[in-house]
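Should a chain be cited, it is by its letter among A, B, C and D, assigned in written order, with residues numbered from 1 in that chain.
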Amino acid sequence: MTRMVEFTDTEFMIAQGARLLEDGKTFFVGWGIPQVVAILGQKLYVPNVIQLFEFGAIGPQSVLPFVRGTMGGPQNTYRSLQWLNMNWAFAYSAAGYMDYGMLGALQIDPYGNINSTFLGGTYRTPKRRFAGSGGGNQVASHCWKTIIVIRHEGRRFVPKVDFLTSPGYLTGPGAREKAGLPAGTGPYRVVTSRGLFGFDDETKRMTLLAVLRGLDPGEVV
Amino acid sequence: MTRMVEFTDTEFMIAQGARLLEDGKTFFVGWGIPQVVAILGQKLYVPNVIQLFEFGAIGPQSVLPFVRGTMGGPQNTYRSLQWLNMNWAFAYSAAGYMDYGMLGALQIDPYGNINSTFLGGTYRTPKRRFAGSGGGNQVASHCWKTIIVIRHEGRRFVPKVDFLTSPGYLTGPGAREKAGLPAGTGPYRVVTSRGLFGFDDETKRMTLLAVLRGLDPGEVV
Amino acid sequence: MKIRKEGEIEYRFEHPDDFRNFVRDKRSRKPEPKLRSAKEAVSRFVSDGDYLVYDFSSLTRGPQSLIREVIRQRRKDLWIGAEFTLHESALLTGAGCVTRIDVGFLGYGGYIGQAVCEGKVRVYDWTNGGLALRMLAGARGVPFLPTRDLLGSDNMAVSAAKVIEDPYTGLPLAAVPALNPDVAFLHVHQADIFGDARIFGTNLFALEAAMASHRVIVSAEEIVDPEEFRKDPMRTTIPYFLVDAVVHAPFGAYPGAMPARYEIDLPHIDILNGIQTEEQMQKYLQETVYSVADHEEFLDKRVGAAKMRELRGKATIIEGYR
Amino acid sequence: MKIRKEGEIEYRFEHPDDFRNFVRDKRSRKPEPKLRSAKEAVSRFVSDGDYLVYDFSSLTRGPQSLIREVIRQRRKDLWIGAEFTLHESALLTGAGCVTRIDVGFLGYGGYIGQAVCEGKVRVYDWTNGGLALRMLAGARGVPFLPTRDLLGSDNMAVSAAKVIEDPYTGLPLAAVPALNPDVAFLHVHQADIFGDARIFGTNLFALEAAMASHRVIVSAEEIVDPEEFRKDPMRTTIPYFLVDAVVHAPFGAYPGAMPARYEIDLPHIDILNGIQTEEQMQKYLQETVYSVADHEEFLDKRVGAAKMRELRGKATIIEGYR
């Protein structure tokens, strides 16, 4: 007999994200769910992953309890290799030392462009205002492969984001390089509560890689 | 009766330089004789002077014996307020925090332009090659008032330096600003083994301020 | 003139020579006692219309007691630049102190989001990396610094960042203008009466902000002997000649955490997160700021010895914070 | 192609994307034991024609044992970038290892000056600030950084620094190109077998050089437990994933000083300062480098336990170096 375990959408996303971490690699971890993914991943699968946080913690081994919403507290600064500041943290990513970046998002478009700034209305008079980039723009610009963790809701997958906070492939193949962003970088995976997406090498558009068991692709795309 | 004390030209320069230090001000100290001047001045006249060295020592209180030719050893790093690195040291001066800079020189012209790179011949095939700028170019560019300590020998006072290592007033009034150097900076005093020179506010050319007692101006200019 | 306009966009910018002149003429290098009450420090060094920056956040090592003092003194028309402006922006907006915010990361709770939507406060998105780099430019005395991010994003369009061409490769680069704030708040673990200061753990841009700002107010959990700094120069975060006032502020980061000193007060943070309406905001400000004379009375009457003991006890991660 | 020519001027420059690709493909992030002999480390990571940088000088905390090993292995056509290249440049030139030197501060003694005059070695004057900024650009992944010095000086004419116009003020600024050396030598107080390293006291551009270089060799006075670093992250100068080899080298800075460990050997320095002729140079190299197999034999046969004891005893300034 098999044992049934219930899980929430968020828990599923976190578990999926944690499985994407590659041991012995460097991860630039964004605020929120990515922090939880990184902690879970390091504890379950990838002890030698080097986490990096924009507030200057290089290679911490975060401890629980992790206080929701905090960043830079002793828990996720614990046992770092090095404590620095933000300009140094982004130097590591800008110079190419960060293999992966992991970010949450409000909206995402087919090219993996992320909005975390506002929804609806205009920049000056938005319907709803959110946190904005934080360091997400730098993470998405500098890291070799960016993993985006986002709830699977139709309104979050849009043809065009209301505000392009952090760059995906912009308008398509070659657009990042043309804009001056570091060559060979860009979105790698999109982890949702229902499935896993990648990006087509040719078109740079999002493609479905896997769906949550029990769902059929039609319910995901 | 008065007691006779003999002194060398160098000792006289050092003593003169030490008297120019202003207490409660910041001094960016160059390599060589300026280091000795700073140590003497702090011990004799200006306990609250803040010395800064390009190797990252902020506000040290150097101790003797001072090892000739060394820079960055424990002696002139001792009891600093802060230990940093070179990029930070030059940030202090670039942002305007260094009131005075003190430098040695091989050659100086009437506008206080300094050569410490080579004498004779060309840059590629010099007759004699010396240390070059070190951090002297930054000190002369950033500090509000630059004090130059130089032996009083005719071949050192020239109409045109063989190589402009560290900027004085360049070609005259307004030239520093035109070149993009921080406004309101420039050479302030030239201390030699025979006299003390300043710079004319109008012409920006060197002018004699005082001579060693016992000499007449003719022997100095 | 320290505020520039480019169409819709306003940004703080000062010619590097103007900032240098201020540093030469108005910043003392003398080791003078600078211990002040928060009231004196804020009234003397924070004026209406000032551009204010601070290091870290309302959750971690933020200068919360100084921010409450700014609210208490009802400063107006402040412009804040903050990598992480969490509850600070909400409280300062609710108190009518702030009209413009450069971010960074804008949070939390419904109140500040609503205020932005209603146009009560204008936000300019520079991103965290952009603000950190602007501060570094201000500290290095250069009018701009280049970077390989911001490019291709809408943050370029809503900030005054510009695309320039690299003279060596022809690559497009983003240039961000130097930032030289009127005043910086830094809450630190230890300071002496002259202003030498130590932060344990990471910081966002503490030294950059101290060098780049016209005035610097340090609030410290602990006041130590100046000799301590000269004995251990590697641990000095800020030397005294960058500091204008030192405020002794135990629990100065409350309700946030001070690493290795006390933990975050989560129930209090939940109250802050819950603030949605003007009424809730004014009630909170009345209780925690207006109704107490100063930080000492706040700790005494609104926090209490038992709570402080509890939070100190929860700060069990000490390793490395020294 | 990492060497650019502009008329008379040659300079080391690598497109930031090329350096990033190297960092992605060739630099391991895994915590692997990297303890090597100087012989292994130099033979594996230093090739003829390489661009080499090192932190500090032959008088203070310079990687002298590694430089002697480079001479022993008779590397050719090296290009060195050094803020303070004191006796190193003379010895490397005398040994025929170096053809180009970016300075900085070139010294000392008659030998190197003569070598420059005779065209044995080409010098490019970038100034100390210019080299430090080039290294910072290399570490920050930007192709250039701007500065308000070099301007108006002849250093602009003999280096590849360029005048650019600031997009915010129109000010002329000097731009210096990023520097991404092939290899960096760092002599440190403590390291672990993975490469985590600590320098006590000031440094010139240790972290910049470690981030900006393709390969990094750390030589350490002392090898410590890796746990030491995680217990005290504020004291880490270089994290292990920036380091390719760790060499245990007690007295590795000899004849220079290692702050708080041993003092400079002045009689030996006077011998170095006295080297004027080719004959004197070759005699010195024979005695101190070629005639000994490695650093251990050098210390044993050419320095001796008594001298080392004496120099350790002279290092009386300990305060702050921890």
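What we mean here is this: a residue touches a chain if its C-beta (ideal position, glycine included) is under 8 Å from a C-beta of that chain, and two chains touch if they have at least 3 such contacts.
Note that the structure is predicted; figures quoted are calculated from it, not measured.
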In contact with subunit A as well as subunit D, sorted by label, we have C
Higher-contact pair (C-beta pairs counted), B-C versus B-D
B-D
Cα centroid separation, subunit A vs subunit B, in Å, comes to 53
I'd like the Å distance between the centres of subunit B and subunit C, where a centre is the mean of that chain's Cα atoms.
38
Subunit A and subunit C, separation of their C-alpha mean positions in angstrom:
27
Multi-chain contacts only, two chains or more: what residues does subunit B have there?
57, 77, 79-80, 83, 90, 94, 142, 182
By the touch rule stated above, which residues of subunit D touch at least two different other chains?
16, 140-142, 147-148, 171, 173, 201, 207, 231, 233-234, 319-320
Does the chain-touch network form a line, ring, star, complete graph or other?
other
Following the definition at the start, I'd like every touching pair of chains, please.
A-C, A-D, B-C, B-D, C-D
Looking at the complex, which residues from subunit B come into contact with subunit D?
31, 54-57, 63, 67, 69-75, 77-80, 83-87, 90, 94, 117, 121, 123-138, 141-142, 163-167, 170, 175-176, 179-182
Mind listing the subunit C positions that touch subunit D in their complex?
13, 15-16, 140-148, 162, 164, 166-169, 171, 173, 175, 177-178, 200-201, 231-235, 319-320
Residues on subunit C engaged by subunit A in the complex (per definition of touch)
8, 56-57, 59-61, 83-84, 103-108, 112-114, 116-117, 119, 122-123, 125, 127-130, 132-133, 136, 147-155, 158, 163, 171-174, 201-208, 257, 259-260, 264, 266, 269, 273, 315, 317, 319-321
Listed in rising order, the residues of subunit C that touch subunit B in the complex are 16-17, 19-24, 27-31, 138-142, 196, 207, 211-212, 229-231, 233-234, 236, 239-242
What part of subunit B is in contact with subunit C in the complex they form?
24-26, 48, 50, 57-59, 61, 77, 79-83, 88, 90-92, 94-97, 99, 142, 144, 182-184
